[in-house]
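Input: structures, listed below.
The following pair of complexes shares a single chain, chain A, combined with chain B in the former and chain C in the latter.
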Partner chain A sequence: MGLAVVLALLVVPEDADQGVSQRIFYIHVPIALTAYFCFGLGAWKALRLLWTREEHFDLESYVAVHQGTIFGALTLLTGSIWAKASWNVWWTWSSRQLVLFLVLFLFYCAYFMLRYSIEEGARRARSSAVYALFGVVLIPISFLAIRLAQDFVHPVVFNISGPQMSASMFATFCVSWAAVTLLAYVLYRVELLGKRVDADLRELRETLERPRPSVPRLDEQMPTGVGS
Partner chain B sequence: MTAYVADVAALAHKDLKVELRTRDTLPAMLLFVVATLVVFHFALPADAGDDAAYGLLWIAIVFTALVGLARAWVPEHEHGVLEGLVLAPCDRSAIWLGKTIAALAFLAAAQVVALPAFALFFAPLDAPALLGVVLADLGICAVGSLLAAMAAATRSREVLLPLLLLPLAMPLVVGGVGSAIAPEPGRYLLFLALYDAVFAVLSWASFEYVVTE
Partner chain C sequence: MSQGDYVAAAYAVVLVVVLAYVAIIAAKLTRLQRQVSDLVELARRRR
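Let's turn to the complex of A and B:
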């Protein structure tokens, strides 16, 4: 990650058109790709949950979607900064990726709303899983829809795919991508571990708080009131 | 196969009969869509073209569908019918298909009034636009009846359904508006058909997981 920052900030030559602001490309695009990857992973775990009915996939799917949403929000943020720097607007409807991420962000926020309004249990796991699957199908469909919509909503003015990358730019891009993916993976493991510990603790506490089967004490066993 | 069709027909018939007796959903949808169109007249600036009106028509259609779908599973939940249906010896996806057909019937009935009203108030609708409406209705009802079943099992059902459905309905609005205003609407109709096929299959296959305990 540190290497990626150094490379992106100091080593790579500046883009001829956009100057220094182009450097955000090395953080924006890897974050976006990682967000897609997390959504895909969440849907994959959801599919496995529906297929095998093993409970641990529920938590894994949820954590992956959670990471994806965080990276999606970061994509919106960095994309917005980039748009401000190079096109002098904070938001533009003509950037397909940004619009797609906005739709996905709304979709996955609804995922959390759904999840938090169902009682914990198998039903919640399955409803969330089905919704996560819908999400991953929505990505290409929305992308297509946004491309179609631009024909009548807004003409394409800017093109992000832009200039061809030179070798050093491409290498920097790959290092950044690897760094962000690694970061996402570490965060995923940490959150998963935390949630598992939470779940275990809750289970333990419930076991402790459950009233123990009462052992009859000695003096209670003595028949009282009968003989006296 | 014939048993499956008979199950679906019986379930859809049940929904239509319940609606005929209670009249809970359809009058509400009709009033809502006409009132919305009237409000839109005041929301549009006087010099806004027809294109803006087509956009608003699609907002009206999506929200009318939401009004209907929000009530779609209420009778089942109030009387514990859903548990009975899930236990019944029929394919669970038949429950979804029956509900989708009933929702489609309500939405179509509302549009029989809404579309002429739109043509009268705002702008005429040509054949591709009407075909777009039909295709988008299919998609909304297919996805909507699954999501409504999902939302009906939650604590905040009325609030949740629009949140769940609107991001998924965005491509339908694109296709619908495109088929109404684009010079060559074929691509948009094709896109709507693709959406319908993909999401109908997905909803059909995943409904079982949403209703079983």
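Let's turn to the complex of A and C:
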């Protein structure tokens, strides 16, 4: 991550059109792509849950959606700062990609409201999985919106003919993307581990706090006279 | 604000959010560690 920041801020040349504000691209786009990936992963785990009924996919789907929401919030924040620097507005409703990303983000925010309004158990897992799967439809729409719509507010950097930037800019972008993906993966594993340990500890506590069944002593089990 | 300030702000926002997330995870791990100690104590008493 440190290398990515050094490359993006100090090494890579300035963009001829946007100037220094274009450096936000190296953090904004990898974060947005990671958010899409996390939402997609959440939907994939949800599908596996519905398919196999294996409980562990519920937690994996939840953690992926949670990560996606955090990276989604960061996408909106960094995008808003970039918009202010480039267009002199914090937000514009005229760009369909921005609006669709906001819709995707709010959709997954509502996932948590749904999840915590249902009592823990198989029903909650199934409902959350179905909701996470519905949201995945918004990902390609949001991603392709700028290409499908005649919208020239939000820049298109990657098109059919490849990345519209120099080799050093593209290399920096790839390093940043790898760094953000690695960060997301580490955070995903740590959060998942924490949730699993939490669930195991809860179960262990319930087991330990349950009163032990009274086991009759050995001499009480012996019929009178036996062994004398 | 200059363009450079906006760039610094964007990177700072990411850093702050990631640090806050790590702090929350660290607090949770501390709580889990305390719970493990409690459960070890509970298991010892039941022996």
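In the analysis below, the second predicted complex is superposed on the first by the 188 of 228 C-alpha atoms of A that agree within 3 Å, B and C clash if a C-alpha of one lies under 4 Å from a C-alpha of the other, contacts with A are read in each partner's own complex, and residues count from 1 in each chain.
Note that contacts are C-beta pairs under 8 Å (C-beta built on N, C-alpha and C of every residue); 3 or more make two chains touch, one makes a residue touch a chain.
A quick note: this is a predicted structure, and the numbers were derived from the prediction, not measured.
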item: Which superposed partner A:A199 touches (first chain B, second chain C, both, neither); value: neither
item: Chain B versus chain C as contact partner of A:I70, first or second or both or neither; value: second
item: Which of chain B and chain C A:L133 touches, first, second, both or neither; value: first
item: Contacts of A:K84 with chain B and chain C, given as first, second, both or neither; value: second
item: Which of chain B and chain C A:C174 touches, first, second, both or neither; value: neither
item: Sites on chain C touched by chain A in the complex; value: 3-4, 6-7, 9-11, 13-14, 17-18, 21, 25, 28-29, 32, 35-36, 38-39, 42-43, 46
item: Chain A - residues contacting chain C, complex; value: 5, 9, 19-21, 23-24, 27-28, 31, 70, 73-74, 77-78, 81-82, 84-85, 183, 187, 190-191, 194, 197-198, 201, 204-205, 208-209, 212
item: Interface residues, chain A side, partner chain B - complex; value: 50, 103-104, 106-107, 109-110, 113-114, 117-118, 122-123, 126-127, 129-131, 133-134, 137-138, 141-142, 144-146, 148-149, 151-152
item: Of all residues in chain B, those that touch chain A in their complex; value: 51, 143, 146, 150-151, 153-156, 160, 163-164, 166-168, 170-171, 174-175, 177-178, 181-182, 187-188, 191, 194-195, 198-199, 202, 206, 209-210, 212-213
